[in-house]
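Labels run A, B, C and D following the written order; every chain starts at residue 1.
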Amino acid sequence: MSTIRDQQSRAAAALHRFSRTTTAMLLLVVVAGAVALEVASSGSFFEGPSVRVFLQYLATPILIGLAQMVALCVGQLNLAVGALGGFTACLTGVLMADHGVPAGVAVLVGLLTATAVGLVTGVVIVTTQINGFIVTLATMTILLGAQYRLVGTRTVDGYSATLRDLGTAAPLDIPLVFVTAIVAAVLLGAFMYRTVAGRRLLAAGGNPLAARLSGISTDRQIVAAHTLSGLLVGVAAVTATASLPGVNRSVGGDWLLPSFAAPIIGGVALTGGSIAVFGTVLAAFVTRLIDAARAQFSLDPSWVNLLIGLVVLGTVAGGHLHQTRLAKSTPAPQPGGAR
Amino acid sequence: MTTSVSPPETVPEEKAAAHRMPFWVNQRLGLLVLVIALSILFGVLRPAFLDQRLVLFPLLRDVATLTVVALAQMVALSVGHMNLAVGRMAAFGAMFAGLGYDKLHLPMQAGLLLCLAAGAAIGAVTGWLIARTGVSSFVVTLAMDFALLGLVSLMYSALTEDAAFTTRPAGIDALRSYSLADICAGPVCGSPAVPQLAQFTVLAMLGLGFLYGGTRIGRELLLTGANPAAAELSGIPTGRRVLLAHTLSGLLAALAGFMAAAGTGTFRASIGDDFMLPSFLGAVLGGTLLTGGVVSVLGTLLGTALVGVIRKGLDLLGVGLESLNIYLGCILLLALSADRIRAVVSYRKVVRST
Amino acid sequence: MNTVLLECHDLVKVFPGVRALDGVGLRLTAGSVHALLGENGAGKSTLIKVLTGVHSPDGGTLAWCGEPVQLRSPLEAARTGIGVVHQERNLIPGFPVAENITLQKPPARRGLVDYAAMTEPAVACLAELGVDLDPDRPVRELSVAQQQLVEIAKALYTESRVLLLDEPTASLSPEETERLFEVVRRLAERGACVVFVSHKLEEVFALCDTVTVLRDGKSVLESSPLADHSHDDIVSLMVGRAHAAAEMRPRTVDRSAAPVLELSGLATAGGHRDIDLAVRPGEIVGLYGLVGAGRSELVKAVLGLDRITAGEVRVHGRPARIGSPRQALHEFGIGYVTENRKEEGVFLEQPIVRNITVTVWRRLARALGFVPPGEERAVAQDLVDRLGIRITGLSQNVGELSGGNQQKVSLAKWLAADTRLLVIDEPTVGVDVRTKRAFHELIWDLAHDGLPILLISSDLAEMVTLADRIVVMTDHRVRGEVDNDRDYDRMSGRIIRLIHDRDAVRS
Amino acid sequence: TYRNAPAPATGQASTAGRTGDGADLADGSGTKVALVPGGAHPYFQPWKTAGAAAKKTYGLGDVTFDETAEWDQQKQNNLLSTLAARGYNAFGVFGVSPTDINTTFADLKSQGFPVASLGSCPAGDTDEADFCLSTDVELAAYKATKAAIEAMGGKGTLVHLTGNNVDANTQLRIKGVARAVKESGGKVKLLQTVTDIDTDLQTAQKAVSDLMAAKGGQITGIVATAYNPAVAAADAVKTSGSRAKVIAIDDDAKILSGIRQGTVTATVVQNPTGQAEIGTWALALLQTKQCTMRDPGVKVDSGSFVVTKANVGDYDKARQEKTKQLKTEFADRYLSCG
């Protein structure tokens, strides 16, 4: 008799809990931002071409955000995200343009290389026990060098038109690269929430010692996380190669900070053990909205930066006030929230 | 990264290591050995490496500046936080110094004080936000980075012609180019390799060394980083400690900004652009934990020096850009692996001797 | 019946500066419950970690069913058939209860986790222990004792032939403990061997049939029938000399004195209602209840970690609004020794000296806040000596200490502090007999000198030894109060009745 | 792909070498010239070949090209002193920070090394280097804008894409564009100056695409005065089907192919080969003390040329002409030899 009421109240409780999560807040920001832009652009923001351009450049932030998230979830950092992406993009481009390798093979080589680099990074971290921060910083440096060695200062562009077409194709104004990113996100989410291997990663991140005592090799999880991170960077690099006018040594140069920003704004803790696939995707949307606003309002980048900074800081402070008010109806936070 | 069974990756304090383990297990010593060994190697390959005026002086000047940057990061790390805005706080502080010289015609010291005050103030705002809201320091300092990036550019665009304050107060050129050789006690002069700019670094290191090594506040900072919940329950005002750490971090960042500006010539917006990675690298190489609670002032200097020496050596060998970074990364990894092996071997030795 | 499942000889394990195991032998036979005893730091946990592949031994041999084995990892140990509950709780905070219980062998089909199939065995394991927990709740939301029960359920899930329980009852009340014992006896009947580590000797004698005693990493008594030994025998074996309990100084409480801390009609956001409680100078008030009764939460609310929704807190007669434990300490002089030592009590990665002196730096500090290292160490050394904390040096990290010694460090910090009221939550969890006695004497003396103490403990014997009055809580409400007449059996009967009468009324 | 052919350049150099009286380098074997750009960038690549050629032509001790400064003034200062320690005794430098570089020059000069500011002049009126041989940045931007306006048919809406906003050279470019727009007398409107998008190709592409999506209909001309924005703009105009004219900068292969394909209307090329060639030669003369500067700190324009589809094949001739002319100018006017 009470089951329906039970379910209802459970759903209501779940909804209530959700409404106070980071994801809900991001969702709100995304919707509000999109509506605001729609109004400001007097209705052209939701038109096909605008939507296409908007989504086209979401692929990279989503993918690198996910790549970083995988590393974060085992308590690691991956500073080589940008360098690995740039290197892989250049490698794919050079293989096709200078060595006439067919696009399919080049893409495969790119993906495999990125994955392999991730694997090697993980193995080095585990075997030498050197802090992952420093190891990925070193691989980053090495990869930057390798990227320069590959392409020097030129822009490589003489590669497969098919790949290019795929990179810019957008059936129903939904770019393929964006679809790729979303598919990657869904697969990653399924992997993390549903598979034994994914749960192991999370367990090792949540409490490495406990995981070890339960027979989960934390070392193996670290290697796995870096490998997976490498693969995702590889996907990001390939989509970048496909959609860019050419690849040069600047590709990937601006990936590092966004790769951290997306998952962390999306609600992933730096300490490991937590993931937020949807949150990461939404955070990427938020940053993309800022780009769109910048173009729409012809904003000076300095003003944009200043405003972003102030708005986030303001939200942080405002959110605090909101929370203190909320706290009057719910249990107090644990001490040490300041971390 | 480490589990309880593997040898401890860092030793919390020199004294701690000395008490339980022989001195040669110390990580800082490993770094020192690495720095010296690499210096000798480069010195042998290229005797010019030991040229005091042309090589060591600029090297040390660079290391001096970057050490302060890394110290700024170290202070934030000590409470388990990060400061992603180090570079921009440096630019922010330097901007005030430049403004003071350019528009108010302040003497050098006054400008420096203004710069430090500005850095401390912006750090305090950051710390206050983090302490009051409990939002991750990563997010807050990242937002602060953006805000300052915009603000600093806007200010420079509005106030200057060339996006830089070019007025140079009396004495700043001396800071840039003078070394200990210009300070003489009677007939004995200092080494021309040691830049006078390093006085700030030494001061900062002494101050922080005293803070973390000797005082209550320093210990409380570390415990706040080690376990905020336990710290709060032990009566440590964690909020105020977080505020203090970020204030200090801002202050040191501003000092680094001033040093960078003094070292290159003018106060401009791009100061601190490349500070973020070296700041983490120096601190983490030196043994400071990213998770908080363990810092090493001396290690930070050595970590920064290690990277500086490798880079300088490669420059001297004339390694071109197509190989420079590859070698840099590889040498760093090899050097650290070697040190790691040393640490493991010495750990085993201690175990065996027990 | 008497097949030897696991056997070891001359096990050696060395950490820098300490030989944690220095020639230990052990023989575990099927169908027995084996007690592993020793003082804090004797090497019990280390032995268990060696037996479960967490540490690799530096010497000695291991045999499983007569065959020599090497256990290189916890996984190998589990595959061999050795299950374990470690002394420290080791759960994945973000995972739900069911997933934590099944972590070692999650039900899966083709690599996909089968969440539906996870709930049933998890609930079964919990039910065996008589625990009713939502299997979907993340363990980070559970109380310490509930987490401990989840740990035990996790070990039951693996269905091992040898089950090593490292102080499983440390934070359990007698009720849960008795349930656990039933489970253990059932397992032994089914032919498993259960190794039981505990510092509560009554429990050991009630449950075990063979015993091994460790002292300073050596086994001073190996797999001997427990029936052959008396309580005092065992204690002197553990301590290494005859152990005589000193009489406590007599202590009287002035019941007419104004309470230092007084709660009236208190209600909290956590669900407490109508709580009345008073602690007078020199009085030790016990707060007793079953696991999850809300004792710790009540104290936390008083200290400002949870919201008070109604009623009043008075300190020294004046209404007080306490915002944080820090304010409680510095403004009201209230010290709080938490029950959750790993997360809230000690700084694992910090040296012992800092852990102990954190509360006294303010007092020691000179000009510019300089804390003289000599004095700091002297304070710490004094407490280390008084509590008999086993360390290799004051600069050792607390994380490297044995569980009981960590507990001592956590308490030492508050003994060093100058407080006007001390709240102590589960002070002797995992502390050995001798030190427990020392603790009791310390607490007793503090009260004797006029310090009011609010003591929360699930150890009824401890309550009866120390408290002047025992306030009984269940379900976030005060059920009544019993004046202590220091007779264990009578007191226990009255308290249990208080708890169960209410239960009867409720249902 | 296109290359600034080194061979003809050297030929010219040697013939031109005989023009000025006393400006023939007697013995350059003791001269070791370091050419130090601000960092890796396609613009500087001709320096490498031109420097190597000059070494051969004049029999110099050595000419090195070191791009490891990574666009960081402090690193560049360090690099310069390291090069000095390695025995280089004459420096041609592209200063990372135009406002700081004078300090660096003064340092080098005080150690007795001749210094040339190549490719960019120090900000402000003073120049501590012996001479500055560089494109007039403002003039180049002005020319580019003029070319754009012409391509747009004298009226329309223009966008300027460029690099780091807080950089003295960017400010000059912005000024140059503004001047040209102003001269159109209101017929051309400068819709927006997008700065800070030269960090990487993706950022540039994203910014340009967003701009086209938001305002694409209005834009009829794009002036890009930085490399990545130029590449991105050419591509964005092509894919979005906009009719905007793109004016780019420099003659990297990618941009030249854009001109040939018509996605780039014109580009303003500079004269890096001339900078390196003349710079090296003059530095050698100064280093050997054979000559002195008549007017230390003089600023010389190395020339900028508008390249369109019409002259994409032979614009290099004009540039070589300019280089030759520069050499005579140096010999006759700026150097005092003998």
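The rule is short, and it goes like this: contacts are C-beta pairs under 8 Å (C-beta built on N, C-alpha and C of every residue); 3 or more make two chains touch, one makes a residue touch a chain.
Quick caveat: nothing in here was measured; it's all calculated off a predicted structure.
Visitor: What are the chains that chain B and chain C both touch?
Guide: Expected: A.
Visitor: Report the pair of chains linked by the most C-beta pairs in contact.
Guide: A-B
Visitor: How many angstrom lie between the CA centroids of chain A and chain B, rounded to a whole number?
Guide: 30
Visitor: Take the average of all CA coordinates in chain C, do the same for chain D, and state the distance between these two points in whole angstrom.
Guide: 74
Visitor: Express in whole angstrom the distance between the two chain centres, defined as the mean CA positions of chain A and chain C.
Guide: 42
Visitor: Any idea how many Å lie between the Cα centroids of chain A and chain D?
Guide: 38
Visitor: Residues of chain D that touch two or more other chains: which are they?
Guide: 40, 165
Visitor: For chain B, write out the residues touching at least two other chains, lowest number first.
Guide: 4, 153, 157, 227, 229-233, 238, 321, 324
Visitor: Using the touch rule from the top of the page, what residues of chain A touch 2 or more other chains?
Guide: 148, 152, 209, 212, 300-302, 334-335 - these are the residues of chain A that touch more than one other chain.
Visitor: Throw together a list of every chain pair that touches.
Guide: All touching pairs, sorted by chain label, are A-B, A-C, A-D, B-C, B-D.
Visitor: Any idea which chain C residues touch chain A in the complex?
Guide: Listed in rising order, the residues are 52, 54, 73-75, 78, 84, 86, 90-95, 99, 103-104, 106, 108, 111-113, 154, 269-270, 305-307, 324-325, 344.
Visitor: Within the complex, which stretch of chain B touches chain D?
Guide: So the residues of chain B in touch with chain D come to 46, 48-49, 51, 54-55, 57-59, 62, 65, 152-153, 156-157, 161-164, 166, 176-177, 260, 263-266, 268-270, 273-274, 312, 315-316, 318-321, 324.
Visitor: Which positions of chain B touch chain A when the two form their complex?
Guide: Going through chain B, the ones touching chain A are 1-4, 6, 9, 80-81, 84, 129-136, 138-140, 142-151, 153-154, 157, 227-233, 238-239, 242, 277, 280-281, 284-285, 290-291, 321-330, 332-333, 336-337, 340.
Visitor: Chain C touches which residues of chain B in the complex?
Guide: 4-5, 8, 12-13, 15-17, 19-21, 210, 214-217, 219-220, 222-223, 226-227, 229-238, 289, 293-294, 347, 350-352, 354
Visitor: Hey, which residues of chain D end up touching chain B in the complex?
Guide: Touch list, chain D to chain B: 40, 64, 66-68, 70, 72-74, 77-79, 81-82, 84-87, 97-104, 107, 123-124, 164-168, 170-171.
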